[in-house]
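The same chain A turns up in both complexes below, where it pairs with chain B and then with chain C.
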Partner chain A sequence: MTNFFIGMFLSTLITAMLTTRLYRLIAWYAVNSLFLALAAMSEAVRIQDEAMLISALLTLVLKSALIPYLLKHFAVKFQAERNITPSIKVQYLIILIPAILVFTFYLIDPIIAGAAKNYISLAIASLFLSLVLMIEHRNVFAKVIGFLSLENALFLLAMTATEGMPMLIELGIFVDLLMAVVILNLLFKKEASHV
Partner chain B sequence: MFEALFLPPLAILLLSFLDIAKIKRFLPIVSAAIFIPVLFLFASDHILYYHDLIAVDKLAKFVLLVSSVVSIGVTLALESLEKHVAIDAKDYKRFYRFFALFWIGMIISVAANSMGIFWVGLELATLSTVYMIKTNKSAFAHHEAWNYMIVGTIAIALILFGIILIYAAAKPAIGEEAMLFSALGAHIHQIRNSYLFEIGFAFVAVGSFVKMGFFPMNLWLANIERAAYYPVAALFSGLLESAIMVGFFRFAHIAKKLNESHLIGFTYIYALLTLFIVAFLIYRAKDFMRLFSLSGVEHMVLIAIFWVSGGYFAALLHFAAHAFLKPALFISTGVLESKGKYHIAGALRGYKGVKGTLFFILVGFFMLAIIGLPPSPIFFSEIFGFGAMVEMAKASHHLLLMFGAIAFMLLLLAVIFYKFVEVYQSMKYEGSEEPKEVYASEMSALALFAIALLALLVSFDYIEHIV
Partner chain C sequence: MIAYILWIAVMVLTAPLFLSLIKMIKMWLLFKKPLSPLQGYRDFSKLLSKEVLISQEASAITHIAPYMVLAPLVVVLFLLPPPSAKSFFISFTDAFTLTGLVALSSFFLMLLGLDSASSFGGIGSSREAFISALVEPAMILVIFALSLMAKNLGVAQATINLAHHFPIEHLASFAFAGIAFFILLIAENGRIPVDNPETHLELTMVHEAMILDISGWYLALVESAAAIKFMIFASLFVSFFMPFGMDAPFLVALLIFLLKVAFVAILVALIEVNTAKLRLFKVPNLLGLAIIFAFLSLISYYILGA
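For the complex of A and B:
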């Protein structure tokens, strides 16, 4: 089941990269985080790790509900530009995305075989895809979504490759993520007061 | 005693809620109180705290001492900030507040033994910097604060990605302790999946390099330091880059045990590319902030390369000397640029009185010290560092290639040397004589840095035995 959810995670990320509307991008990010949370849950049940279950639930609540809601709220409040055409053309993206996927599988090839091998390559691929998502947009909101997807790629790696990081570190990551969102809010606020 | 390190920054954090105009005179004394716990740590042999999550080893003690001096200097200089730039009372308070948060993050990451704690401290320092940049109200600073937020968090995220990969590589062999630098260093040869470890290290290194302005992100730090107020740049070069460098020291030390030739090849290629671009960017720099900021990138390259070549003494000496010199130069930029941003010619002329003369002498001294004229500590560190590089080249299988790289690097350093001498001459001998004001607070900061530099010259023995 984990495989299925991670596949859906990757495909939603790719769809998000091709999106040209802001609210739809936020929605795809929410779906992306939802599949991440589901994958984490099924993995937590498989290896019977309670700590991972907690972080999966936190992901579900924070990343697939609260943060997309907040972002949408900010976007409405500050009247963000909703048309976000990627600066990389779609036809080039369609070549670039598979190239990244193939490259990461090639990169990971020398690793000693194990169950996590494919997951590691998928996590690195989604890291690169999130970077592309960040690069291809000029809109600040879209860049923020790219950053949050990058955070998701990190979580995917931590969950699959290490069978769960120490709880303290994961909580630290969540706290930092929240602080980042708070800072983003304040930055937006200043921007609005500027204009 | 480790906990007491957090008291001075916490005190500044709390005091910043009071009337800053009245109490800012006392804040340098508050921040100087950090010397007490630091000296106690020096005296005690206790290394590990909190279930091994924190390790105050010799390296951490040394860096904490250096960073305390920098923090005190910056607190001193902050007092006269309002005389150089237009800043309102609210933003002034905010600046102190986020400076304190930044300092806390920096202490956490330097003293961390767990890779995760190191990262959390670094992230705290990064996020608080966004606000320090934002205290400047200009549109340029606003844009650069966004820029910093995005590039800085990408860099930090890459570091975390690398940390997770390293943990994944080491966990089957070491277990949950794989998160600790000490355990990783001790059991590195038990790791079977060394390729995964090296990918992880590559991610960590690229993240740290992006954060320090290495290739291909050479200009972003210069832009940010130009946009922010002067003390932000001083904090960047003196504290934040130090914290990242300490992380790089620790990771590289472990990676070296695993596969030295990969580490050296990786760092040398990165360093050569960076130096190549930075040398010409410095050559074309037209204002002090960008000049000093790019020179900071150059020195970070040198420190990284001395460290991986095995010149630990040279790297640490260079590291400390740069951490004192660069904030001093950034703080004096506030005075040098008081007649406009691009007035390099004549910037060192027109100083009257005791303070003015002292300023003139100290800034001339710093300018020449940063390019390594003797008896600057940078001179000794470069001699020893290049010595270590030659030793390493002789022991390697690619003698000519390594010697070529070293010669090329020296050539690029010569370009930078030439530019600095030219700028110095232009500051001193060209332009017209215009009166400029120097304030006691920044003079005391500069004097503190000068004394710290002289102290470095007599502590070679100690630095030699850190690693």
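For the complex of A and C:
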């Protein structure tokens, strides 16, 4: 089942890359995190790792509910521009995304063998894709979502490559993310008070 | 043999039912008074009693085209994967033949649109050609990925292989192929994000623009061709992506098959209610997404090793 959830993770990320509306981008991020949490859960059940189960539950609560809610709240509060057209045209993205996928495949191929190869390759591909998501937008909210997706991809990579990284590091990253969202809020508040 | 003929007959007879089902669910969700699921049959019998009127400029193509739109699709019906694994006839046809026959049907539909020399027909034909050209590469990639996973190029044998040995380790590429094929299903049948089948506004229509000038028996033929086309794509979708229930006795398997097609119809109706129609020049973006997913399906298959 992990295979399926990782596939859906990557497909929601690709769909998020092609959206042109801010709220829909936030919704896709939430769905993306939901599939990440489900993948982590099924992997945790498979290798019987309680710590990973806890980080999966935290992902479910924080990343697929709280952070999208906060981002939407801020976007409404600061009246962010809702039309976010990517600066890379869709025609180019259609070439770029498969190129990245093939590239990661050849990157992984000599290093790792076995069943985890698929997962790791897809995880590194989603790392690059969220980098592209961050590059292609001018809007701050979209850039933040790109950053959060990058973190999701790192979580996936850690989960699949090392069979669960230490939970302390996971918790640290979660707190970091929340801090990033809070700092975004402060930044906007400052900007709004200047205007 | 009897089961095979029964199956073809059921497919032809229930084809209008599912299009009416989509319309019914849509109206119900929009708080309108839903029409009866039998509306497709009523329209058909109404059209039969009407006179065939043909424009003076029309050539012999208009007399041939409605039959040629329907005929390849009926041939395709005979070659589709059967609902039961124990079927008498399991065709050896590969999916390229099927897509070729479907393309032949839409070629004659385009000719029909051009023949009456009205400007709408020309618009509709050019748009249809545009969309079907974009559907083609994604279709071929999806078919390749599926054939590799099922280890057979023939559609019927491939679905039976999938039902018996489902490649659980390739579930990710299976999901990608499913998403890509569903987008293609919507695009080929002219459902809402690509084309609105209910409007007659000249800016938006694709399929309706080509058949504006025909009436009566010919219109009935073209309308049933549209219903059968939906049935073909839905049946390919359910046999590839929901390969279960094929080992049951024939009648039970047929019932499960019809339920699965009804499920696809409900899915299409939900998407139609929840999305707006895309501008024509944004359609390549949607089909580009289908191409990306199809490619992804193939790549993630190769990553795991054939």
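To be clear about the criterion, the second predicted complex is superposed on the first by the 194 of 195 C-alpha atoms of A that agree within 3 Å, B and C clash if a C-alpha of one lies under 4 Å from a C-alpha of the other, contacts with A are read in each partner's own complex, and residues count from 1 in each chain.
Just so we're on the same page, a contact is a pair of C-beta atoms (placed from the backbone, for glycine too) under 8 Å apart; a residue touches a chain by one contact, two chains touch by 3 or more.
What you are looking at is a predicted structure, and each value in this text was computed from that prediction instead of being measured.
Participant: Residues of chain A touched: more by chain B or chain C?
Facilitator: Greater contact footprint in residues on chain A: B.
Participant: Quick one: classify A:70 as touching chain B (first), chain C (second), both or neither.
Facilitator: Touch partners of A:70: none, neither chain B nor chain C.
Participant: If we overlay the two complexes on their shared chain A, which of chain B and chain C does A:45 touch? Say first, second, both or neither.
Facilitator: So A:45 meets neither chain B nor chain C here.
Participant: If you stack the two complexes on chain A, which partner ends up touching A:88: first (chain B), second (chain C), both, or neither?
Facilitator: A:88 contacts neither chain B nor chain C.
Participant: Which partner does A:27 reach: the first (chain B), the second (chain C), both, or neither?
Facilitator: Neither partner.
Participant: Is A:57 in contact with chain B, with chain C, with both, or with neither (first, second, both, neither)?
Facilitator: Neither: A:57 stays clear of chain B and chain C.
Participant: Should A:140 be classified as contacting the first partner (chain B), the second (chain C), both, or neither?
Facilitator: first
Participant: Need the overlap of the two footprints on chain A, from chain B and from chain C, as residue ranges.
Facilitator: Correct list for chain A: 108.
Participant: Which positions of chain C touch chain A when the two form their complex?
Facilitator: 168-176, 179, 284-285, 288-289, 291-293, 295-296, 299-300, 302-305
Participant: Hey, which residues of chain B end up touching chain A in the complex?
Facilitator: Those in contact with chain A are residues 114, 116-117, 119-120, 123-124, 127, 130-131, 134, 139, 142, 145-146, 149-150, 153-154, 157, 160-161, 164-165, 167-168, 171, 176, 179, 192-193, 195-196, 199.
Participant: Given the complex with chain B, which residues does chain A contribute to the contact?
Facilitator: Against chain B, the touching part of chain A is residues 107-108, 110-112, 116, 120, 124, 127, 131, 134, 140, 143, 147, 150-151, 153-154, 157-158, 161-163, 165-166, 168-169, 172-173, 176, 179-180, 183-184, 186-187, 190-191, 194.
Participant: Can you check the complex and tell me which residues of chain A touch chain C?
Facilitator: Listed in rising order, the residues of chain A that touch chain C are 1, 3-4, 6-8, 10-11, 14-15, 18, 90-91, 93-94, 97-98, 101-102, 105, 108-109, 115, 117-118, 121-122.
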